[in-house]
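Chain IDs A, B, C, D, E and F follow the sequence of writing; residue 1 opens each chain.
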Amino acid sequence: MKTLEQKIQDSETRVFKVVFPNTTNHYDTLFGGMAMYLMDEVAFMTATRFGRKKMVTVSSKKIDFNQPIPADTIIELVGKVVKVGRTSLEVEVEIFVEEMYSEDRRSAIKGGFTFVAINEDKVPVPVL
Amino acid sequence: MKTLEQKIQDSETRVFKVVFPNTTNHYDTLFGGMAMYLMDEVAFMTATRFGRKKMVTVSSKKIDFNQPIPADTIIELVGKVVKVGRTSLEVEVEIFVEEMYSEDRRSAIKGGFTFVAINEDKVPVPVL
Amino acid sequence: MKTLEQKIQDSETRVFKVVFPNTTNHYDTLFGGMAMYLMDEVAFMTATRFGRKKMVTVSSKKIDFNQPIPADTIIELVGKVVKVGRTSLEVEVEIFVEEMYSEDRRSAIKGGFTFVAINEDKVPVPVL
Amino acid sequence: MKTLEQKIQDSETRVFKVVFPNTTNHYDTLFGGMAMYLMDEVAFMTATRFGRKKMVTVSSKKIDFNQPIPADTIIELVGKVVKVGRTSLEVEVEIFVEEMYSEDRRSAIKGGFTFVAINEDKVPVPVL
Amino acid sequence: MKTLEQKIQDSETRVFKVVFPNTTNHYDTLFGGMAMYLMDEVAFMTATRFGRKKMVTVSSKKIDFNQPIPADTIIELVGKVVKVGRTSLEVEVEIFVEEMYSEDRRSAIKGGFTFVAINEDKVPVPVL
Amino acid sequence: MKTLEQKIQDSETRVFKVVFPNTTNHYDTLFGGMAMYLMDEVAFMTATRFGRKKMVTVSSKKIDFNQPIPADTIIELVGKVVKVGRTSLEVEVEIFVEEMYSEDRRSAIKGGFTFVAINEDKVPVPVL
């Protein structure tokens, strides 16, 4: 059987994405709402792949948009379980930005999401 | 000239939306990331219509997803300026859910977003 | 119980929207078909929120695209019930354009949509 | 050189489309606004391919949604120039519905769109 | 009853499309993946309209992207059945590019797709 | 400086994605064209992150859709450089399917894409 460490490692979830013009705002940087959309999607997959149970978003923590993400870059979102409660867990998602034509890579946004595991009747159940 | 009260009133920004199947997850409720996307868009319009200056999202505050929003309902997002600093302001966005075939209406999600006004050189400028 | 006046007032439906690049054509103005799409969506919500019954679009009236709507503006669509028949009703939708960085606001497009209220068997039923 | 007849024939513009679930409303039929969106896009291509000049939508005529278009059918939109003025022209678009698993095909919606040919300065110019 | 020739002719499926900015990559040409998406959709409609049975994509053949397709052109995709087996068939899809403001038209991409006809239990059945 | 081995390892590009209803066809499995769209996007990012130069898709190899990918699963696309020429390179993309609520994971689709590195004048240049 897997250890908690192993489950956390195996459920790490990565998504690369080109910042195409149809995801940017009129400043030509990734629209903040789109960043949140992508982060929640990655967080949801991380939580589900950790618990292999139905998971619902309960809350998002404060998210700082430290750095604008310009169009025509490649971003990687990395989701990782950082806290495990009885029926809830917390996932942290970090967005890295890579220039297309250089090896430059830096962290741009970090955010936390809390999920609760539920059964068919939408009653909270143990995540493990 | 408009008073601050008047500017806040005039910049209140409302968006109704049908929760169509293409915005829901596999539990048939509005996908959390989609809710955040819509909230940020409304917050951005509220901030811009208040200051009539370029506004960038600096951070989102903790958002509680108290109630799932089922498919085939109508939601209204209401954005309102709740705090005005020198170069920044805070917008609160609330999502209400209405049943389609009854007068039932209730609050489902509330969240706060902080914006900074910037000039062409991306330097913060007074919001008023 | 609500008067007709009250029901019309309460069902007024407003939608603000940023004209992002992904909704514009190659003249950098809002694509006509997208305007019609948004108008029908607002008309549908207005009709449903008025009657709280299933509503289907029966026809759209002549729509004049008096003024092109440039990218990087904010539009507001306002839907209002303007005629109430026995099993049908008519909704008028007007689109206003606001500059982002000035208080300038003007009417751009106006259109009418007719809806019929139907029951589960798709048979027309009284709207009130 | 082409005759008018020939130009009309050559500019006829056809678009087949599967009515996938992400284009339908909660009655599981093609959303009216989506039908209008597709019709305007076909009308625009027909007008442009006829005149080979910049064309802008001036107005849409009354559109009757005679028949709902169910999900999981295939539709064909056919655009045809039906009237040619000096600086404007009129395009008629008809939508046909085909069952997927039978040869059944019928007309569902018909609508007219008026376009004006413009030059770089957005001044109307002769369509021919 | 229709001959094979007639069935092939009747199932030819055409789709015109404006290459709007939201379908292009950062070189301002149609994104390769989007071309494949559109080709598979046309191939699927051609196969279904030929056999009037459930069809599933089994494979795509080598596709050469001979010519980039610039933004602000009009493309036409033409799907045609080119081989008919017992339970499978092959569809060829060709993409033509038309300049908007001249009669210039040329072939840009060609690709083949193989489909199998299946019944309710997902078992292959004769296409004819 | 990095070895070729290292560059191949570092450019491996992974994308997880929930198969939401809006990406499926009417058989409730991932639409073939959507799979190709996603594969080309991953292949493009892999090629760009390997060469850090402008890359254009030249061709896709035969793609076998061995296994339908059902809705409500999680897929992972993995892109890897498998051949390096002077001005071209080949990327292989494999799609794995994971059940949401079990550890079950299997390979579903594999495909190859060829890219050419180009400079500002669209002339092929060495990839390394």
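One rule holds for everything that comes next: contacts are C-beta pairs under 8 Å (C-beta built on N, C-alpha and C of every residue); 3 or more make two chains touch, one makes a residue touch a chain.
These are the chains along with the protein names UniProt gives them: A, B, C, D, E, F = Cytosolic long-chain acyl-CoA thioester hydrolase family protein.
The shown structure was predicted, so the numbers you read here are calculated from the model rather than taken from an experiment.
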Chain of greatest Cα-centre distance to chain C: F
Self-contact between copies chain E and chain F, residue sets same or different by half: same
Distance from the mean Cα position of chain E to that of chain B, given in whole angstrom: 42
Chain B and chain D: spacing of chain centres that average the CA atoms, whole Å: 36
Chain centre separation (chain A, chain F; CA means) in Å: 21
Chain F: positions in contact with at least two other chains: 18, 21-22, 25, 31, 41, 44, 54
Residue ranges of chain A touching chain B (in the complex, touch as defined): 25, 27, 31-34, 36-41, 44, 54, 56-65, 68
Residue ranges of chain E in contact with chain D within the complex: 13-18, 41-42, 44-45, 48-49, 52-54, 74, 98, 100-103
